[in-house]
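Look for chain A in each of the two complexes below; its partner is chain B in the first and chain C in the second.
For the complex of A and B:
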């Protein structure tokens, strides 16, 4: 029979596994979307059918290999989402926050994450397809991707409120405010449904280029803070030890090693 | 003195420094990041303006300068009332502070009504979100500012609630709410300068 400390060590190991999967997922996501498939930055919304066919031809193998990787490993997103949900459940707030977040992102993963992969793969699958059909797939892919930004908006607001009213100091309060910054940049995507050109189009200076650094910063920060949360997690129900306490506890050991 | 004690002492000294900071220091991260985001919007506007200067000037003439000035006076007055609210809170004159907070809500509401009236007037005259590059920027910047203002009403609601209950009244929370409102005002001052004054 496992001792209490052994059980806690095992549970923490499981959280660390989930955290590394989260890092791998976001790393893979960036490499596939920005590097392999080059679907980010997004293509121009105003391409005509022939230009769309050329766009697909230019990325033929990148789209097939990149989205092949996503089809195999995209399920990792569930682990990342579960880790975030677990962190919200550890807060002193109602479980409604964690469940809302979980359901919101679980549903959004299909149109916001898988549709673009299916549409773009279908676009390159038959190079001889009628250009108008290729253009249709191109629009479907990007619009489904952009169209789920409202989910990030509401998700960020849910996380923000949970962090700001939490008494268990799972995340620092400034992360709550950073959620608000992220939510406000998601609002800016809404005009991309109206504009095909210009700064507010989904590939525009405001619609894309201002938002990406904010989202990149936000993602990097929450991955770091999840790591910090796991370090402090005691599997209780009260406040977590402050980061400084964990650091102070670890310091004598570090000094002993140094001596 | 051991190293740990020394570190703790330094941490306490740092905490004292933080105590003198107005409001919750965490809120200042929001102010800094959001200011950077707005600065990038302003830079994009100014760049677009240099590309189509004549078209921007023509479209800009549709704006009513006097309305912009009234908007600015209303919002700056709301900054003054919220500053008075914080001062009275610090002096423990909570009832007066609450009245200043309610005055801030009222001025914010006046600003919002004026903004909606201006949008309606422009749209009636055929100047819409899609009618020109200038109007695209105008409606975008004023709308995103209005969204910040609406969030500001929620923040002011928290502030009024804090002042209403004797057991609540956390001075730091009241200063934090005030910091948010001042930030929204600051953004408007720059938006006003760029959209209405710069020719």
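For the complex of A and C:
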């Protein structure tokens, strides 16, 4: 195993840097949403207008600083997309899958973080705003962030199909099915656009307590698998060398001699 | 094809490709003129609408200068997104860089649409505020805030684009790099110039407020300067062919 500084000087430096940026980006994202801004778990959808004014006041600096960080660094979400796009190009599938993934997730940045950043900043920077407008901003922030559905749904399905039909074994087949699980969370989140309380609301048992852990697990798994992909990358076009581990039940990279 | 004489079909393809790239390249001149024109036409830019203005003052602003708000933002809505072909022209030139993977090029493509979508969204809010100037001042204030926050704080895609380009240029290890090294350093400087605007929500007055020197003038001048400098740097880069480099296989 090369040292960290060696990784950033070697032939795979573009891949390793992208991987490290991905890890740091998701770490920063978690700190901002769970720690600084306290917008995860999401606020309660049943707050009345005056209560949303109080909610903004309670998080004043956390929202402004946290979303300021996202306003500056949010564009680095593209690094993970670029690395994943490259990994899909490395598969034996049409480039259509790679480019579709890239564009779908590039678009996802707008409902995925821009809307909540704008809405929460607008909500908190004028404490004397009409309460009904504060509630409108509160809803815009949470609904757009939690209810970012289509781009993640189709993006996950595109990645799933690519993994399942790939012959180069860039990712293990089981990860294809994990993509399906992630895609399904985008289906079950749809009622959060309708219900203001209960398990289906955007802070409910399904909307938050099932979906966010699934997304966290999914993200952790693909970050680990991307590391594995970079280690095995040989800059060729055919099957990747077999992984050292045994859990993926992969076929050997070359036909066994004398089989 | 016959009129091309001895030129091969492949050469003709290259030529057509280059003609197309040249057409896109030269759009930067009229685009910059249009962007500056819409900037000057919008009555709330030369003296930016203050974040300290009351709802009544903001509503009065839209009533007074209604036509100029509309014309300038329709113009910006039309042509703000024309940044995308220019960024993709840079991304296409990145193919000639001595990188082993297309990851940095995919990074640039991944953020190419970001800044134009931010421009587009802010024009929607400005035009919405101007659509019914007799609307409740509280709603006009809200729409005006959304426009200004989107326009001012919406720098994540520019910061990322500039730093991706800086790194791509720094790692373009060949005798004649696609872009000279100083273009990379320039992109780092531009990223630093636009980044503070992301925190404009923190201040209602002073240099970091959305009407302040840093968040408004430095950020917008930096973006205009970036377009000019990258256009100048692109011209020789468009003639660049990649020299074969060894692979690690």
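Throughout what follows, the second predicted complex is superposed on the first by the 233 of 259 C-alpha atoms of A that agree within 3 Å, B and C clash if a C-alpha of one lies under 4 Å from a C-alpha of the other, contacts with A are read in each partner's own complex, and residues count from 1 in each chain.
Please note the rule applied: contacts are C-beta pairs under 8 Å (C-beta built on N, C-alpha and C of every residue); 3 or more make two chains touch, one makes a residue touch a chain.
Every value quoted in this text rests on a predicted model; they were computed, and no experiment measured them.
Bringing the complexes onto one copy of chain A puts chain B beside chain C with no clash. In the superposed model, A:177 lies in contact with chain B only, and not with chain C. Contact with chain B, but none with chain C, is seen for A:195 once the two complexes are overlaid on the shared chain. Comparing chain B with chain C, the partner in contact with more residues of chain A is C. Within the superposed three-chain model, A:96 lies out of touch with both chain B and chain C [touch as defined at top]. Once chain A of one complex is fitted onto chain A of the other, the partner contacts of A:165 are absent, as it touches neither chain B nor chain C. When the two complexes are overlaid on their common chain A, residue A:212 makes contact with neither chain B nor chain C.
Touch criterion met: A:185 reaches chain B, while chain C stays clear of it. Once chain A of one complex is fitted onto chain A of the other, the partner contacts of A:86 are limited to chain C, with no touch recorded for chain B. With the two structures overlaid on their shared chain A, chain B and chain C come no closer than 25 Å at the level of C-alpha atoms.
By the touch criterion given at the top, residues 3-4, 7-8, 11, 24-27, 29-30, 33-34, 37, 40-41, 44, 48, 129-130, 133, 136-137, 140, 144, 147-148, 151 of chain B touch chain A in their complex. Residue ranges of chain C in contact with chain A, taken from their complex: 51, 99-104, 106-107, 109-114, 117-118, 121, 138-139, 141-142, 145-146, 149-150, 153-161, 164, 167, 171, 195, 197-199, 201-202, 204, 247-249.
Across the interface of their complex, chain B is touched by residues 172-174, 176-178, 180-181, 184-185, 187-188, 191, 194-195, 198-200, 205-206, 210, 214, 217, 244, 248, 251-252, 255 of chain A. Within the complex, the chain A residues that touch chain C are 11-15, 17-18, 64-65, 67-76, 78-79, 81-83, 85-86, 89, 102, 105-107, 109-110, 114, 117-119, 121-122, 124-126, 129-130, 133, 136-137, 234-236.
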